[in-house]
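Both complexes below contain subunit A, partnered by subunit B and then by subunit C.
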Partner chain A sequence: MTSPRLSVRDLQVTYTTKHDEVNAVDRVSFDVQNDEIFGIVGESGCGKSTLASTILRLLDDNGEITGGEIRYGDWDLAAMSEGELAKQIRGREISMVFQDPNTSLDPVYTIGRQLIETIRQHLDVSKQEARKRAIQSLADVGIPSPEDRLDDYPHQFSGGMRQRVVIAIALSCDPGLLIADEPTTGLDVSIQAQILDLLEDINANHDTSIILITHDLGVVAEVCDRVGVMYAGNLVEVSPVDVVYDDPKHPYTEDLLRSIPETHEMKSELTVIKGTPPDLREPPSGCRYHPRCTKVCSDACETGDIPQEYREDGSVVRCYLYDPAENPEYEGSAKVDEGQRDGQLESPERGDQL
Partner chain B sequence: MATEIETQQTTGRDESQLRQFAESFLENKLAVFGLFLILSIGVITLFAPQIAPYEPRTQNYDAILEGPSAEHLFGTDNLGRDIFSRVLYGYQTVMTITLGGVMMAFVLGTSIGLTAGYRGGWTDQAMMRAVDVLMAFPSLILALALISALGPSKWGVLLVLGVAYTPIFARVARSEAVSLREEQFVKSLEVRGASQSRIVFRHILPNAVGPLIVTITLQFAFGILTTATLSFLGVGVQPPDPSLGRMLTEGKDYLATAWWYSIFPGLAIMIPVIGFNTIGDGLRDTFDPRQVNR
Partner chain C sequence: MTDPILEVDGLTKQFALNSSVLSRLLGNTRTLTAVRDVSFEVGRGETLALVGESGAGKSTVGNIVTRIHQPTSGAVRYRGDDIHELSNEGLREYRQSVQMVFQDPYSSLDPRYRIGATIAEPLKIHTDLSKADRRERVAELLETVNLDPDFADRYPHELSGGQLQRVSIATALSVDPEFLILDEPVSALDVSVQARILNLLMQLQRERNLSYLFISHDLGVVKHLSDRVAVMYLGEIVEQGETASLFERPAHPYTEGLLASVPQANPHVRRRGQRLTGEIPSPINPPSGCPFHPRCEYATEECESDHPPLESVFEGREAACHHWEEVSAFEHVGEMSAEERREAN
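So, the complex of A and B:
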């Protein structure tokens, strides 16, 4: 197997405030493969945006990488100098698209100028060449008559078109990785779908992997290949997308899915996860989810230092449920037999049918 | 709706927006009046040698302290020099000094302010505390100190204006940069690997230009006053260069007998100051989207 496009290992990010240290990202490891769309989901404040900006080292002044590495090609982004990052990585190899397209563009310049500025900064091309590339980028993201629109100002575009322009700028230097931080949040639903289609299209037609950060599980289901679920700074589960929806591994993922209101059921109350997300200044000991977890299986849940390493059909889970030493009821092993596991989990359903 | 249009106006450089901006400015009668004053004075200043009926330094002992007449529009001074001509040349001096001084302050102050505001943290603290120290000196005291070190000359006054007004530009620029720094487009420029100087001078500066233009106009008014004040005190422009402030000083001794000697230079100082102030106020109103329904 070829090496992954991006490989994050034991990444740790700490924010220092006047009184406390906050571990916003705690020993997170994941890989993004070539040409895959990797989703990162989680509630607000779980550290997913911090994780995204950490990859490009765009943390605020009080944030700091306190451990781990971020491998991209031959580079370790966590240890690179600022100058090298700006020259080699940002906008060139890895670009980022933000939530609000309305403010992502400089209002005083035409979009053409902003595109060309970015292209000329990273690629050694003439003005004409850059202009051609800019037109091509706009065409790639589906902007009609790109030659004419090049000389328009951001305010002359609609929200959806503006997000396309932002994506065009991000793609103008053919990056290997695109980080999209809630790219559809500020847009209305029909436009959201278009932008997601566009991302899929880019992923299919360019050699660009995508990290899609969102709190919207529907978005994830639609476009992602694999999903990382974050809770309180931990990546609790990394699974292929169908596993997440059909057979979530981590209790948190399960609870999260259950809390999505279903349209065909008339329920008077929404299912919610009990309790509130923990205060990261004093995270719970052991598993950070244990105070809200319905499946606590061992004392170690409350005290143990859980590794993110339990493997279960293509998933990596940070939970003692999958550790035979801590969970006596766990019958599988790291390499579980498909049939056996399915039988075990689905037996109640079959019982109903009988 | 109106607010939305106005907001775009302050930021876009689009032609139609510029027109909207101009229209909104031209609606303000007082500001247009100010603009008219300044344009007239600009023309007078540029063409002073062509307009002036006499050489401003030529003394004429046959016409000492003559009142206003067809021959001497503003009368003559105690050495028989034509006051009208001297006012015209005085404008040249005071405008050169003010223009140079304010531009110097603009370049210095804006660079300091934008850099401090954008970088924040330690740089911000160090730069802005230095600016605060500078601001703590009354500008006249600062001027006197600088000039006594440099010796009185018009270049000294220019330098004084440049230094004394730097803090004002630095503060305005910083406050703009601090808010623009948080804008998403600045973040996405960082993400694209744009250099710091590019972000500060190519992207933050154009977005902060409105308040800075207002400051420039208002500082012009103050600059003219300060230049005149320093000359009045005798530490500014040195004779025989014609200077409005100096004419005031000399004329005050003859106030009882030759009112024209100081009244006309005084009015000459007043007019551009009023002009710049009204333009500045007008621009501020036009740049400020909240005052659209004024």
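So, the complex of A and C:
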């Protein structure tokens, strides 16, 4: 058994505002395996983008990690110095792609210069060698005649091509992990399909794991191997992708799936989740989903701490439904012990899972 | 369709592009054709969806129907009258009867007005209700869209996106319209909030027999609530027909590609058919012949030179394609075996 590419344990992120403290990410644990596409899905404000930026320690000034570990190889990214992080990790081992390619590219430099700069920042190579690598990166992401396009400026590319350039820069140093935060939001469906194909292709042909952050359950079903569902700063479920769609474990996952039109007869009334997401300045006690949950099973849901993590088939779920002590009707799951997490989950062949 | 309330007939809209004084003097102006010879009808109580990717011209069509833009040629008839040739009184009635809801409720509501004042504004213009009556009506409208009447005293920044979108809908409903133009009304909303707005729109349509022109790029939403769909590409309608049938058996390669490109929220199903390759060409310099031919896998020589007209291809369907028979004969929907999926990947 190989160790996972990335292990996040009990991660806690707090934003401090003038009057309040907000726990945007609360006790989140998950692993990303080698060569998998791990999706993180949730609605606005659930903390998914905060989680993504935390891995590279790109939090805003008022946000800080207040607990937990982020293990990547022998490093703990949560405890590393800023200098080392910049030298060893960002852009080298882990790179990130954001939603809007226009903010990631510098409009006054050619894309060749931006690519070569990234490569020479991290790898000890000559200018010629860096140029070669840059051309290869552009070819890898499907940009036609990459040699000629190296001297073009970002505005000379279309929106879809610009996102490809951003991905080329992210891949230029062969990172072990690519974090893509809503990489196709705002793109047309045809371009979105092409970018998703590209991510699958990168994942299959390079030794690069991918974390894909998205609000779109269709995108998750299309490309992810496993998916984590976030609600109000908690990771409530981590499951293989077909489990999420066929047999979701957490009531929130189930409710979320039931509110999309695709799961309904045409023109029928859509299932609605009651209430609204909580204000994280004053999160509900117990399970943060309990005020909206249709399956409250115990006093602990309302008054306890957030539920522990329970294993259920190949999933890890945070819900008292799976706690025999709180839900007498339920038998058969076990609390997750450290070491027995996803690491031991057999990682099925991609084909079988699809 | 029995009783069209809106008829759009041969609509074309060209925009002049910026050009220098000299080239204008020499008569060399460049134009962009945003909408080209578009015709459709919307029946009473019916929802027609306009779909397509950005730059297809769907919002321009919506803006012409709301009289934000003047068409270059063609006509829009509402209850039989050309909306660009209405008398003052006719125009006032039209503006009461046709209302719109836009994508971004943050920019369509005035941040300095209380919610109640925003909703009451059309009542001031179109009715002679007293101030007290207007207040009462505002409270009713808020209840119609499932908001607490107390919201009348709040400002937009105090509300969430979904609540603001309900305020936009309440404002549109305030003067008892018969026709709503909904331009991407749920695109900015989370799925759980989107479900509420879609339920509300469907419920209002049932109760009031409203007609909708629903402009959207989200095919999942369109499939759920529209009766008929018109697919636009580079300013033209390339296919038009009943929703269920069109999703099951597209007759235009662009529709096929668009449907195949949408990620399905089900890991076991993927639509068969060619996904779209390449990108939309510039509308300033559109391709010759069929505008879709450079991206089309069915394209033959004929398609490069000969523009196919939008014509009835089978019962209830119009398509603009020389090869519609081949496209529509293809089996598009169904569960994909693990093997097929592996291959598709």
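Simple rule for what comes next: the second predicted complex is superposed on the first by the 327 of 354 C-alpha atoms of A that agree within 3 Å, B and C clash if a C-alpha of one lies under 4 Å from a C-alpha of the other, contacts with A are read in each partner's own complex, and residues count from 1 in each chain.
Assume a contact is a pair of C-beta atoms (placed from the backbone, for glycine too) under 8 Å apart; a residue touches a chain by one contact, two chains touch by 3 or more.
Quick caveat, the model's predicted, so the values are computed rather than measured.
Upon superposition of the two complexes on subunit A, no clash is found between subunit B and subunit C, which fit side by side. In the superposed pair of complexes, A:H264 makes contact with subunit C only, with no contact to subunit B. Of the two partner chains placed by superposition, only subunit B is touched by A:Y153; subunit C is not.
Put subunit B and subunit C next to each other and count what each touches on subunit A; the higher total goes to C.
Of the two partner chains placed around the shared chain by superposition, neither subunit B nor subunit C is touched by A:L178.
Of the two partner chains placed by superposition, only subunit B is touched by A:T118; subunit C is not. Of the two partner chains placed by the overlay, neither subunit B nor subunit C lies in contact with A:L138. Shared-chain residue A:D61: touches subunit B; no touch with subunit C. Of all Cα pairs spanning subunit B and subunit C in the superposition, the closest are 6 Å apart. Shared interface residues of subunit A, touching subunit B in one complex and subunit C in the other, do not exist. Across the interface of their complex, subunit A is touched by residues 8, 11-14, 120-121, 183-185, 187-195, 203, 206-207 of subunit B.
Interface residues of subunit A, counted against subunit B in their complex, comprise 56, 58, 61, 85-87, 89-92, 95-96, 98-100, 103-109, 117-118, 121-122, 153, 155-156, 166, 169-170. Interface of subunit A with subunit C (complex): residues 43-44, 158, 160-161, 188-194, 196, 200, 204, 215-223, 241-242, 245, 255-257, 259-264, 266-267, 269-273, 276, 350-352, 354. Subunit C contributes residues 53-54, 160, 190-192, 194-196, 198-199, 202-203, 217, 219-221, 223-225, 243-244, 257-258, 260-268, 270, 275-277, 279-280, 338, 341-342, 345 to its touches with subunit A in the complex.
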